[in-house]
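Shared between the two complexes below is chain A, which pairs with chain B and chain C, respectively.
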Partner chain A sequence: MAEISFPLPDLGEGLIEATVLEWLVAPGDQVERNQPLVEVETTKSAVELPSPQAGKVVRIHGGPGDKINVGEPLIVLEVPDNTAGIVGTVPKEEAPKRRVRLSAVLDED
Partner chain B sequence: MSGRHTGQPHTHTVEGTDPQLYVGVHEPESDSGLRPVLLLHGFSSSAKLNWEDTGWITALLEAGRRVITVDLPGHGRSGAPEDMDSYSPSRIRADLLQIAFDAGVRPLRDGDPSSGLDLIGYSLGSRLAWEFGATQHELVHRMVLGGPNVADPLADFDLVAAQRYLADGTPITDASTAGLLKLAQMLPSNNIFSLLSLVEAIKGEPFDPAEAVPHMPMLLVAGEKDERAASMPDLAALGAKSGAMVEQLVLPGRNHTNAITSRAFKQGAISFLGV
Partner chain C sequence: MSNSTLEGGAAASTSAATPASTTVMSMQQALNRALDEVLAENPRTLIFGEDCGRLGGVFRITDGLQAKHGAQRVFDTPLAESGILGMSVGLAMAGFHPIPEVQFDGFAYPAVNQIVCQMARMNYRSRGTMPMPITLRVPSFGGIRAPEHHGESLEALFAHVPGLKVVSPSNPHEAYHLLKYAATRPDPVIFMEPKSRYWQKDDVDLAHCDANDDGASPTGAKVQREGRHLTLVAWGAMVARCLQVAGLAAEDGIDIEVLDLRWLKPIDAEALAASVRKTRRAVVVHEAPLTSGLGAEVAQLITQSCFDTLKAPVERVTGFDVPYPSGDLEDEYIPNIDRILFGIQRVLEYKRG
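This part shows the complex of A and B:
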């Protein structure tokens, strides 16, 4: 198993931070790809962020009301080794339609 | 009708002109067999901002519902007509009726769960839904109205002050007007002048919920901290007085902007419309 950290993605329109409204998953939960993870609010709107891939939630960052900067860690997922390796390559499923998505930051070690 | 696509532009003329409204029809992977759900977004929002990015379309599709979205005139991917008439609430309601028929919606029939239409509106979209439901009772089965308001903040909008502000920066004294204009200017995709045309058209036809009251079951939903929807109980009383079954749902800690993503809101709506 490997842990992958997903930062708060660029939400567009020059936004640099978002406030956590509500987490829809908790550490220990098994999540599916595209399953809603968290609701966040920017100065312009509220959005729901879907999971970029299937895995088990290891850690979540920030509780309701906390601000998170774009690029800072949002969630850590544990995924099987054979899927961790292909992060950054084309997923097998059809391409996501959503504009705002999380993408992984691979650990340095 | 066959060959429907998401995002097919609406080209049917209504009263002789093309309303230039951008319509999306989203088909569920596994159809529940229930009637379609039409989503009506709020002022200075769009189908994408109000319903897609917030997870509503995904949630409804997963519940097996067919979803119809439309961008209001001057919003999202719809056109920004120059004539004032295109923005009047009565004209928009006529356009919505045409859109519903074009998407294959059929009048309600007893015992046929696929007949008719369910509506979900937010803010201005709830005002339009209230009026649409009141006049189209043969079509509308149930409605969910989010962030609803008995009063009409757009009708009270100080258009002259807004135009002066846009022309030379003269500060706007009315807080509601200043807030709405700020909202309208927030998105680069918004056509500010067509949004002001919409405001002007709404001033000509302000919301009067008592004038025509819907009789179908309604779920009213608002954030606990939503000042614009503080009058929700009045609206509920109005509906109940005329014999409608009305439920209310208050979302703890939420305001007019962030109530929209709430899971409790989505689950409440899906379960209310799932009959």
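This part shows the complex of A and C:
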């Protein structure tokens, strides 16, 4: 397993920090991609931040009321080694499904 | 095809002793192993790209190689593809065999100038005194729900450029052998890795690429499933899908041959002819857009050699003439099982006159 740390992104044009309002996940939780992780407030608005990746929460940084600067660590996720760093989603191997059936008279001429 | 004047540039891999030669690996592991062996066998090889060094690549293909072979031979580059390929050209001139990576297909666009104007023609320009033994690895094609510029199929673009060779493996076994072979060529090879197939595991026979190959090179196309009624031609990730389709068609009594093209430049016209001469029907499947896609070239080669005996025009089942869509629409864009079956049905029911 590999650990990936996600820093607080710039949530607007040139915002430099955000205040944690409420964590929606806790260490040990398994999170899915795009699942809301935390609600933060900037000088412009309060927003929920979605998870950029599926994984298990290892650490979260900052409790309610704490300020975090853009670029500083926000959350650390544990992900399988072979998916660490991937952009996108590992495809699932599924049994083939079909709706179309073939019909042909294979006359040999 | 140029002849390399570099010492060790075409080091044969016959020394690789592999006793129990078949093992189960993912394509990631197979590619990683091939690169590891290439680095060990040829001291002139270098691997570099974005995140290739310390991280081991976003897809883990170069995982552990920097620790084993040193940061002078496996290293990170700035986020500048034109620089990665420009440096490759210079290193090749200086006698190295660079194996650069562009992290995703769509990131090759900023380096098209270096690839087309320098890498592909330096050998011609220099009348053979500056061969370009460069193996450019490009994680390619769609299928992983990635954002824009992460799902492009550039084979027709590269295949159209004189001086480039283009190859795409369909499974871990092909990946291992084709990369090892490509990395010993004296010419530039675009190595298109089907990223949606990185994780699937399968048997890899490390000692033999093709059955009864007698140590021959992994050139040309390869029949991955034999059949009598119709030939499905595919490459990269579409080979696995065509094998699934062949299994389903067998339920309906249709016996399908799956030809894995492997080399997209040069295309193995003889293998196409041999297969379709037998089956008399052909469908070519690719992810890239239809218009001016490689399917047109394949269809023409088949028509040229099998016009007299073809039962129907060669059918194409491809992506659409639109930019590669976002993840939610991916399954509608990439040829799916039903679209391929429809293509087969159109060929089966075609009547002359």
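The criterion applied here is as follows: the second predicted complex is superposed on the first by the 85 of 109 C-alpha atoms of A that agree within 3 Å, B and C clash if a C-alpha of one lies under 4 Å from a C-alpha of the other, contacts with A are read in each partner's own complex, and residues count from 1 in each chain.
Heads up, the rule we're going with is that contacts are C-beta pairs under 8 Å (C-beta built on N, C-alpha and C of every residue); 3 or more make two chains touch, one makes a residue touch a chain.
Computed from a prediction, not measured in an experiment: that's the story for all the values here.
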- If you stack the two complexes on chain A, which partner ends up touching A:10: first (chain B), second (chain C), both, or neither? neither
- Task: Quick one: classify A:103 as touching chain B (first), chain C (second), both or neither.
- Result: second
- Which partner does A:36 contact after superposing on A: first (chain B), second (chain C), both, neither? first
- Touching partner for A:22 - first (chain B), second (chain C), both, neither: first
- Answer with first, second, both or neither: which of chain B and chain C does A:78 touch in the superposed model? neither
- Query: What is the shared patch of chain A, the residues that chain B and chain C both contact?
  - Reply: 98-100
- Listed in rising order, the residues of chain A that touch chain B in the complex are 13, 21-22, 24, 34, 36, 39, 41, 44-48, 50, 64, 98-100
- Query: Which residues of chain A touch chain C in the complex?
  - Reply: 81-82, 84-91, 93, 96-104, 106
- Message: Considering only the defined contacts, which chain C positions touch chain A in the complex?
- Response: 26, 28, 51, 55, 57-60, 63, 104, 143-147, 150, 196, 199-200, 229, 244-245, 247-249, 252-254, 327, 337-338, 341-342, 344-345, 348-349
- Item | Residues of chain B defined as touching chain A within the complex | 45, 49, 52-55, 58-59, 186-188, 253-254, 257-258, 260-263
